[in-house]
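Read through the structure below, which is laid out as structure tokens, and then see the notes.
Letters A, B and C mark the chains as written, and numbering starts fresh at 1 in each.
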């Protein structure tokens, strides 16, 4: 692993060093595990005391952390500064380009010389893999898929027919991209007939998708995931959904068919978005929220059915007092009955 | 792709044409993308204005859509009519039967001549694959599994030992059928001992199962999924569950052990059904509902704990007014205190 | 399959036989399906009448079941007694050790002679597989992974680089162990930069993990799953989470980053634990509960936001009466208005 002095690191990650510029950093560790060679990070105010007692060679902190002689790298955006430091100190091992002998690659596929195709991967007809693309072990890329430069598919990803993926994307293991959407038309006997799903899936640049996520193709047009959007594990995105740019979707969220999610939105873990709903830019949806109506831009909602987070929290606080409220109503009634 | 005139289509899908029977249809597109060669569909009243302004060659609509010179194919069941039209205009590519050279097939497996086994698929001992069965790339079919005619397993499906699948079924990528159920007996030290799961999994005809779904085998008898039932992505079906016919289970639903779900039931996305519960025929469970008691046939429930949807909606509407209600109680108390 | 008399079984599973010790048991079946050669089990008081009418050769029951001449095997811990009986009557087929010819095994991997590596499995550099380890069909074990004795990976598991798994563990199909955590630092343009995840994943002994589960590696230190903990299907465990011993996590639970879950905890299906939360030993979290604050040891919570289960149930019972409560407030106001 490369080593850096704190002075070099401060310059490289654009942070202000308070402390000894000659200290050498060789690794990354948690506050409680770090030694004098390690860089650490204060992720949450909960760990303030742990940070103070840490043996880390230096800690990346924000503007308001008070130090008492500890080496710190201070930044207005400490999380980003730390991310850059980790990339420097602990870079990913380089991958060797080439196609593994056990991969099954259709002769019509165009695989760039700098791409890597892992063992037992399967590449279909007319697939295009850009420069430095990594196709992990046992990943399946079906016919007609295009994948942009520097995109990495982890092992055991499934990319269905015709899906387009941009540059600098990451897709983790078990994700299924371009599955058939859930559309059934009942006949007069209540039997359900599948509506053929003939749309596609378009994933823009810098999108990252977690493990075991499912994203359905469109029914006629495309399902669309906008530039820079990040999706956590086990999320479900239904057919015809359109998601904007730089939106954050936490684990186990479900987005039903034809919903439109804006840009810079945050969807909390396990929240659910009903079909055909619009969620405005910059809105924040709380964990487990159930969104059954449009959400304007820039607001924060939570609960089921999702409403203003502030109002919900006020109502939830009173919820536990319902028995008491009923008692007080009864007492009032009693009092009025016998004047 | 095949082409049809509107006149031919109307007859083929049993819809009434209002407009020019000579217009030629070559594709399927969304209302907003469609051109004069495309057929489109009005899926939701939200898109009425989009439908009116669409350049589609024709739109499949229901009985109550008013047109002003636009070509429409009108039907009492427009979704089903549209599904049939898509199947005609944009049929699935035919698959070539045969076993790919990289598939690993046990010599005792009986694979019909018309079946297709994809690259790197694994077929175990004593497996039976019916006519025109498709086993996708890297799909695993373990020992003793039987799969009926015309069933299609997408790439990367796992079908565990002894599972029986009917005819005309579809299973999407990443689904795991026949996993071991979650049954543990604690000993006196709180250590948990797995109860061996020796039952099976029986999937009837015309069942469709989404991507990354998990269905556990029974512990002693079978887990059962009834004819025509459709299951969306990332659903969990625990051991010993029995599901009836033509039931619709939306994404990320969880059904706990030994629950019994009737026929023609709708389970909304992310809803959860507690173990050993009975859900009656034709009932509708709302999205994110938490069902912790039996549900009679034909009712609609929602919320947690799930109750009559109508009553829940009334109560949820008042929920946000809890602070106001408390204020009004306080005002009454105040008034009675100083007479 | 082996056969046992009831007398032999009673002794082997440490239960008290009431009935004929000479009856022969050849199989396991549900109460409603069982015949005179089958052993069955009363899992739930709901099935008391079914148990009474069962044709089973014998039923494993608890202390309070009243019998009227039926053969029963009685135990203070009937579920554990039944588990042992199933293991005896219906043991797993033995597996033949060895590496399948289609597996791709790095020459630097150390695979014990008693281990089994299935078809199309991939074993990376410096992997260590203990005695009697089973690596299922198409399972991927990346570089530097260590797996303890008697651990079984089902088909199609993904174990990412450097993960350590203890002895006697079970991991089911589709599980992804050691995926990259969901950590992004926004820059001043709202673009999200991935924070490299350089920690590991440490899974202790006797841990069992369900189908399509995802467990992220730590960001700096390890994600940790303690001894004897059992995890059901489709659960998500985020980076830096620490889970104690013998904890039970039911299907579709989500645990956000850096949460600390104690020992002997029960997490109900579809519940969600917010990041950086502490859940105390022996606590019980209800199905679908949303835990957004620390939970003390030994308590039972439910609902959203999760609070004392007893209080929540009382409040939920009144929830449906909100319209009535508002009416009663209005009536009181009316009465006071016109004295």
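In this section, a contact is a pair of C-beta atoms (placed from the backbone, for glycine too) under 8 Å apart; a residue touches a chain by one contact, two chains touch by 3 or more.
Predicted, not measured: the structure shown is a model, and the values here were computed from it.
Between subunit A and subunit B, two chains of identical sequence, the interface residue sets overlap only in part, with shared numbers making up under half of the total.
Fitting subunit B to subunit C on C-alpha positions gives a rotation angle of 120 degrees, to the nearest 5. With centres taken as mean Cα positions, subunit B sits 25 Å from subunit A. Residue positions of subunit A with contacts to 2 or more other chains are 120, 138, 156, 174, 212, 234, 252, 270, 288, 304, 319, 322, 325, 329, 332, 336.
Every residue of subunit C that touches subunit A in the complex is listed here, in rising order: 104, 120, 122, 138, 140, 142, 156, 158, 160, 174, 176, 179-180, 182-188, 190-196, 198-199, 212, 214, 216, 218, 220-221, 234, 236, 238, 240, 252, 254, 256, 258, 270, 272, 274, 276, 288, 290, 292, 304-305, 307, 311-312, 314-315, 318-319, 321-322, 325, 328-329, 332, 335-336. Those residues of subunit B lying in contact with subunit A across their complex are 28-30, 32-33, 40-41, 43-44, 46, 77, 79-80, 82-84, 86-87, 90, 92, 102, 119-120, 137-138, 154-156, 170, 172-174, 206, 208, 210-212, 228, 230, 232-234, 246, 248, 250-252, 264, 269-270, 287-288, 303-304, 316, 319-320, 322-323, 325-326, 329, 332-333, 336.
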